[in-house]
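Shown below is the structure under consideration.
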Amino acid sequence: MSQLTDKYSHHAHILPLKVYLGIGGTLIFMTLVTVAVAQVHLGPFNLLVALAIAVFKAILVGLFFMHLKYDNKLFAVIFVSSLAFLGIFISITLFDTLRRGDIYQEVGMPIKANSNMYDSLRVAPAHGASGHEGATDKATESVTSGDDSSGAKATGHEGTGNDSGGAKDTGHVATGVESPKSGH
Amino acid sequence: MSNNQEHKGAHPPEWFQHHFTDAEQQQESAKLGMWVFLLTEILFFGGLFCAYAIYRAWHPDMFINAHTALDWRMGGLNTIVLIVSSITMAMSIRSFQLNQQKQGVMLLVVTLMCAATFMVIKYFEYSHKFHVGQLPGKFYTFTGIEGTNPHIFFSIYFLMTGLHGIHVLVGMGVIIWLIMRAKKGHFGPAYYTPVEVTGLYWHLVDMVWIFLFPLFYLIG
Amino acid sequence: MDTTATFWLPTPSSTIAGEIDLLFYVIFYLTTFFFLLIVSLATYFTIKYRKTAENENDPMPFVGHSRLLEATWIIIPTAIVMVLFFWGFRGYLRLSIVPAEAMQVKVTGQKWFWSFDYPEGASTVNEMVAPVGRPVRLLMSSKDVIHAFFVPAFRIKKDVLPNRYGVSWFEANQIGVYDLFCAEYCGSKHSQMIGKVRIVSEQDYKVWLESASDLGKGLTPVQYGEKLFQLKACATCHTIDGSSSNGPTFQGIFGHEVKLANGSSVTVDENYIRESILVPSAKVVAGFQPIMPTFQGILKDKEIDALVAYIQSLGGK
Amino acid sequence: MSYSPAVDDNGLPSPNYLSSEKGLWSWLSTLDHKRIGILYLIGITIAFFLGGVFALLLRLELFFPGQQLVGPDTYNKLFTLHGAVMVFLFIIPSIPAALGNFVLPLQLGAKDVAFPRLNLASWYIYVAGSLFALYALVTGGVDTGWTFYTPYSTSSNTAVISITTGAFILGFSSIFTGMNFIVTIHKLRAPGMTWDRLPLMVWALYGTALIQVLATPVLAITLALLIMERTLGVGIFDPAMGGDPVLFQHFFWFYSHPAVYIMILPGMGIISELIAAFSKREIVGYKFVAGSSLAIALLGFLVWGHHMFTSGQSELASAIFSFLTFFVAIPSAIKVFNWTATLYKGRISLEVPMLYALGFLFLFAIGGLTGLFLGTLSVDIHLHDTYFIVAHFHYVMMGGTVIALIGGIHYWWPKMFGRMYSQFWGVVGFILVFVGFNVTFFSQFIMGSQGMPRRYWDYLPQFQRIHGISTVGAMILGTGLFIIAIYLIASLRRGTIVGPNPWGASTLEWETTSPPHPHNFENQPVVTGGPYDFNKPRV
């Protein structure tokens, strides 16, 4: 056993306690910093700063707590490549989701912004304040298009063929099967 | 290396598996295996991070409004609790490397306590949200948040923190198992691989939370 | 129809089909060439270098590597596929960008039929009518699951998504009737979700549009209802001869009481029929699945009245 | 090397892994990678049989328009289960987990995989996942298609949750196999087995394992989200809840496109082994062929959106995906050209496995080249979701992977069991499979480009003749596969006993006895040469 011990002490990088405590202290300090920064309004930079601090903290955890700095470099390659593939996944998907309206605007967004359950749920006082009496009120639908007239279509007895600019209409192309209650 | 052991011959230690040529190969294999597993974990969480990125990009205002329902003090406290548990986990491995078994077990127990604290705080956060109807998906009944489809924010919040919470619970189970083995004196400078790979897992769980905290609690 | 159809592709009948077919055949001959090259080389080598009794124990000859050869079979395919990419991308942009002067038809897919709404007020089910030589912009959405609008003769296809619009277009250059398929799997009657695109002359189109904008003209309510029963695809799921399909038969049900899935029962009267058309899941007849789509926004009041009259005419009390 | 001449009662070398322990429990509790490989082989054979029966029922139903055997709902469930069983239960575990498990440590000169217990666990997880899928089957089936597209899958009232749970569990089996292989290849190579001496099968399995660990977790989270969508209505994929169905397709294909390479890469590995062994030549451009396996594995992650050209994704995304897709053609072309060049000045013996290798070259060439039609944006719009696609991926998956699998089974069969099958029936089986396959699926290219959409229970009369031809082909194919199963099973008892290296092949697994010693090699082999060095002794 003693020979094995020799072999291990040769390979195991035992860090001094100071390193662990120092890194731990830094991590806690950076947590406080990120909370403090979040209280200041920086617009889109809030997200960047918060992410930069998180990345910094993650690097510290990886390098020292997970020993990436001392261990086989292969482990670091594995770790970084997992992030690279995650990056590919998220970024290429965003190339789709953010660019759907490139050619035609009406393709870029859902026809009915809010899901059906908000038809019966009282939502945010700002939109159509009063009159949320029954399921027939569709005021919440008009959040994106701003077309209030669609609310009147809820009863469904009007013709549908006479609006050529279909993108404006929010009332009748909604997912009908899932909202059987509307209109009655 | 292997010659070394062959000279010693006779009885390999109990933890040694016959298909490896030497103990170092066994330890390195276990660590590599754990790293590959962590890679799968990152991509597993990655799907949810992707969903987060897309819905935040689609509904930035709703995310800002909805995040006010979360209490950054609780999230921040949990961040610190988890960081402390990571420190003690790393220190525990060091103790086993230095043949200080008692101290190693103590530090594992502290890690476990921190994890439990984390879950208790999570419990209070969750139960408050359950109470006011800030539930995921179609169970969402809260009415105080403006914007498009706020229930999706809570869906993603519960999915991500829930999945993270499950990982904390699994980690707690493994740490309990480690404590039991360590008490029997299974770990020492020659063999502490299970503690080391559990440590890797635990740090990853910490790392995920390091990102979840600003992404949910500190949207500005 | 088969006069200009080839072994591989149906008759090209839209302005864009020619370009796509050309590219199809370029790829076809290219791939055929490479396929024959590989297969004939492999066959030749296999025969020429077969193991025989004589050469069995000869030492293997050393065959060097040819960097030039290896570079060739990396560079040539790369060059070819880049040409294909740009060519295909150009065609794709043509398929995506609608000419400015296009007329618009609104296409709605739902289980399991297509409906078409014209700006002039005409509205059809499972049959689209369009003039030859005029680009038609299709603004498409679905009421339930994903469908796909596929007209092979025009070489167009686009998924029809719920709660989202999709845009496609074609300009037919031949008068005729073309198959319209749903190409995205959508359930039970996916394979019956087949419509027709009828391409007519500009003159015929005008005449059709006028008559189609007022379908009930000169018909009794019962006749009108019968027409609607076919046009609006009620016949997909309901019969009038007493046999059972996806939905209850209409023969002799008017005025009768029917048992509902929830145990209660209801009399089939005008109100019940109207409600069943607009809110099909409200009172489902026992023994049937609640799969009927709502016709809210598709049928006008007058049309519902006509359907009620038609159902009444099929017998009952 | 010399071997102990000891033989057991059957005349097979002793000790060997088959007879060293006896009884069912010794199999169910085994940690031996070879036995686990056999267990997997049994599992995938059952799955292949089940999926094959579904396929034949589908083809019979399509013999004529209108209803022949089953109604539309049953038909939809049959094609869903055909796809799900074939993909998740059969083809993904087939070559890596069954053959790979068996040969990988042998080819590396290792005693076992790095984590034998994890290996056994992965088989049990496979069985558990299969039971969930079976449960879905007996509780009424699933009708969503194996792709589970939302919102159909969120609104269908069939057993979607059981089958997705099954696929979720099966994913972990696949991940564990991949983890095991990566660690084994990195850490357990025999002395002298450097990276440039790895057999190409090992390179292919390495590429496969990378995809398994990188992509499968995304499938797991996708299926978990789908289950959440059905139970909680979380609103990420379901448009009725404010979600986006196209996003589901991104999630799904981020796994399922690379998964296509999980299926084909190990097949390519087998073909490299077969062509080298039966041409008695080193594979031309070893480094290119090995590197192209990794290139395919990595490029496979960048092209998932070519399944979505008509889906309503942004035009920009379509362009990017189409552009990247074409680059997959290049490593594939490199492999095919290098294999062909290997035949040049070889000494080719047309044994049964080599017939499959040449068959693969023929079929994969068609499968790969027709991919060019589908990568080309404007042409794909017409061909998407038609039988052209069905034919294309069957040429790659069945004509590629399954043909390679059958070839690999014929190649390693004497190594696995120490006995040889009937050569005559082997040739008959190959001819029936090859002819039947081409009749079945080449006709589908034609009806696809003519506009026949896929997943149709009924069709317009103009497609009747060609559907009929396809169905006849399927019957021939089924007969061929049946014959193969019969003579292989018969050979287990009656086959002639062969020595360690019946083919005169050059890789390490042929250096040990057939069937191999329980610990693979009696003495630790030391490698001194490349994998396909037929002129030099290497151990």
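Labels for the chains are A, B, C and D, by order of writing; each one numbers its residues from 1.
One rule holds in what follows: a contact is a pair of C-beta atoms (placed from the backbone, for glycine too) under 8 Å apart; a residue touches a chain by one contact, two chains touch by 3 or more.
Source: prediction; values computed, not measured.
Summarising the inter-chain layout, the chain whose CA centre lies farthest from the centre of subunit C is B. Taking each chain's centre as the mean of its C-alpha atoms, subunit B lies 49 Å from subunit C. Remark: subunit A and subunit D have CA centroids separated by 36 Å (rounded to whole angstrom).
With each centre defined as the average position of its C-alpha atoms, the distance from subunit A to subunit B rounds to 21 Å. For subunit B, residues touching at least two other chains, in rising order: 28, 32, 36, 39, 43, 46-47, 50, 54, 138, 148-149, 151. Multi-chain contact residues of subunit A (touching two or more other chains): 74, 82, 85, 89, 93, 97-98, 103, 107, 110, 113-115, 117, 175, 177-178. The multi-chain contact residues of subunit C, meaning those touching 2 or more other chains, are 96, 144, 162-164, 166.
By the definition of touch given earlier, these chain pairs are in contact: A-B, A-C, A-D, B-D, C-D. By the touch rule above, subunit D contacts subunit A in their complex via residues 151, 155, 186, 214, 218, 233, 235, 239-242, 244, 246-247, 250, 254, 301-302, 305, 312-317, 320-321. Interface residues of subunit D facing subunit C in the complex, by the touch rule stated above, are 72-73, 76, 143, 145, 149, 151-152, 155-157, 239-240, 245-246, 279-281, 284-285, 288, 309-312, 315, 318-319, 322-323, 326-327, 329-330, 333-334, 336-338, 340-341, 343-350, 358, 361-362, 365-366, 369-370, 372-373, 375-382, 384-386, 446, 449-451, 453-460, 534-535. Interface residues of subunit A, counted against subunit C in their complex, comprise 103-104, 106-107, 109-112, 153, 156-164, 166-167, 171-178, 180-181, 183-184.
Residues 1, 3-5, 7-9, 11-12, 14-15, 17, 20-21, 23-24, 27-28, 31-32, 34-35, 38, 40-42, 46-47, 50-51, 53-54, 57-58, 61-62, 64-66, 71-72, 74-75, 78-79, 81-83, 85-86, 89-90, 93-94, 97-98, 113-115, 117-118, 121-124, 126-127, 143-144 of subunit A touch subunit B in their complex.
Interface residues of subunit C, counted against subunit D in their complex, comprise 5, 7-10, 19-20, 23-24, 27-28, 30-31, 34-35, 38-39, 41-42, 45-46, 49-51, 55-56, 58-61, 63, 65, 69-70, 73-74, 77-78, 81-82, 84-85, 87-96, 144-146, 148, 150, 152-153, 155-159, 161-164, 166, 179, 181-192, 194, 289.
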